[in-house]
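Read through the structures below before going on.
Same chain, two partners: chain A is paired with chain B first, then with chain C.
And now, the complex of A and B:
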């Protein structure tokens, strides 16, 4: 592989790994406080899977970038993480040592973000499964098998919240609208994706996955009678809001500073510790 | 014992004595996670994880190294370029899962449906009058079911 291709693929894999790590980290915050004990188990498992996938992508990136997975996961500066900003926000109530854990928690938002991200990730891994870089293609086949369970779980909760009367459905509708610009930010390309497509390392750019995702989300909204926040016209999709971009370039929101500080705390205190 | 006197069969036999740390009734060979053994210096063992996020991977690697160290230097390589699937569990391995009160996974690739298509038999009473309680369980590789016949919750090793 030519040097510029190697570095573009490494950079792209960091984007994917960062998405998985950050969503995994945020979803793990539901452990112990999910609305049902079965969801304590499920969300912990989902988070563990995503962090496992992140580890695998970091290992692949480390080979290409001559680094190591632990450093890539926890040793970079805050501006060198490339996850989409929608994944970095907290969906749980913030822990308060005084015992007053009030405000901010929204299970419907956690469910909607996870499911709609998984629909995106399914399209993204599909674009990697026949990559000409064999270690990546093999890893993605493995990841896709595990993700079938995530999609099944997400679809069941999407239906459950939407078909409930009252607050659950309102919260799901509200979550979809609140997350919408951020979700569109998932489709921002990493630098060098054109090159990766030309070299057969990736079958479609991240931005080329958007229309297929919109169709899927529209179908899931239609199936449960939730208003879908975009319209298909003869000229293509009409979307009223601007995507919340920047994450893929290392630009993040206020939630990231807090998360980065917490997530890298042990590494900074004890750089030789292994996970 | 020198490397020249060891056979590959002996290594496989020794690996059958290495239990899964979470499900000690099954060994790493019958679980299907050993892809290849190469006798040499060092002895090379290729291991395929069941789930990428499985926290037992490092422990299994250490257990394999410890068991084989009597034969000489050992290198355990965790491989991800080919997917482990639950169809790699041997027929004997499926019985070993039952011995741990785990329902073995159904054969064949999983399909994206809201509920599993194949009825899952309860490992306690054998009834297929069971329902899924949770796609996820106490480890990444298990789901939780409930048996309506004997009113017992049980776990299934996931199909993947």
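And now, the complex of A and C:
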């Protein structure tokens, strides 16, 4: 592989790995407080799966960038993470020793983000599974097997909340609207994706996945009678809001500073420690 | 919300053994929860989920236990039975 291709692929894989790590981290915050104990186990397990996927992508990136997976996951500066900003916000109440943490969490938002991200990730991994870089294609094949369960889990919750009367359904509708600009931000390209497509490492750019995703989300909204926040016209999709971009370039919101600090706290205490 | 009783087979050909239950709003999530709770380390070759409502229970001692003394039917005093019981008791003692 030419040097510029190697570095573009490494950079792209960091984008994917960061998405998985950050969502996995945020979703793991539901451990202990999910709506029922079975879901607590299941959602925590899904969160762990995502962190496991992140690990595979970091190991692949580490090979290409001559780095190591732990450093890539926890040793970079806060501006060198490339996840979409929608994934970095908290959906659980923040723990407060005074007891003020009660309230403020939103399970519907966690469910909606998780499911709609998984629909996006399904399209993205589909664009990687036939990559000409064999180690990547192999890892993605395994990841897709687990993701099938995640999608079923997400679809079941999507239906359960939407078909409930009252608060659950209202919260799901509210979550979709609140997340919408951030979800559109998932489709921001990483630098160098054109080159990766030309080299056969990636079959479609991230931005080219958007229309297929919109169609799938529209189907899931129609199936449960939730208003879909975009319209299809003769000229293509018409979307009223602009995407919350910048994440893929390392620009993040206020939730990130707090999450970064917490996530890297232990490693920063003793960066050279061996676990 | 429904409770599903969960039965697990750990190796092909072995019997399905009751391992516990899960509570879920529907079959779809029940399947997920059973997988996470009872086979997250790959313990199962097969799981059965049975809605608790589908179980026909007989818990009536009056019905289950005959009112008339019939221990003669058990053959408890037969020489072979007595020997066998002694042998089992000894084996048990060795193991513990």
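Just so we're on the same page, the second predicted complex is superposed on the first by the 270 of 275 C-alpha atoms of A that agree within 3 Å, B and C clash if a C-alpha of one lies under 4 Å from a C-alpha of the other, contacts with A are read in each partner's own complex, and residues count from 1 in each chain.
Note that in this section a residue touches a chain if its C-beta (ideal position, glycine included) is under 8 Å from a C-beta of that chain, and two chains touch if they have at least 3 such contacts.
Nothing here was measured: the structure is a model prediction, and the numbers come from that model.
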item: Overlay on chain A: chain C relative to chain B, clash or fit; value: clash
item: Which superposed partner A:41 touches (first chain B, second chain C, both, neither); value: both
item: Chain B versus chain C as contact partner of A:52, first or second or both or neither; value: first
item: Chain A residues touched by each partner, larger count belonging to chain B or chain C; value: B
item: Which superposed partner A:273 touches (first chain B, second chain C, both, neither); value: neither
item: Contacts of A:222 with chain B and chain C, given as first, second, both or neither; value: neither
item: Contacts of A:160 with chain B and chain C, given as first, second, both or neither; value: second
item: Which superposed partner A:145 touches (first chain B, second chain C, both, neither); value: first
item: Which of chain B and chain C A:177 touches, first, second, both or neither; value: neither
item: Touching both chain B and chain C, residues of chain A; value: 38, 41-42, 45, 149, 152-153, 155-156
item: List of chain C residues in touch with chain A within their complex; value: 22-26, 28-29, 32-33, 35-37, 40
item: Of chain A, residues touching chain B in the complex; value: 38, 41-42, 44-46, 48-53, 55-56, 59, 134-135, 138-139, 141-143, 145-146, 148-149, 151-153, 155-156
item: Chain B - residues contacting chain A, complex; value: 51-55, 80-85, 109-110, 112-114, 133-138, 140, 144, 158, 160
item: Complex interface listing, chain A residues touching chain C; value: 36-39, 41-42, 45, 149, 152-153, 155-157, 160
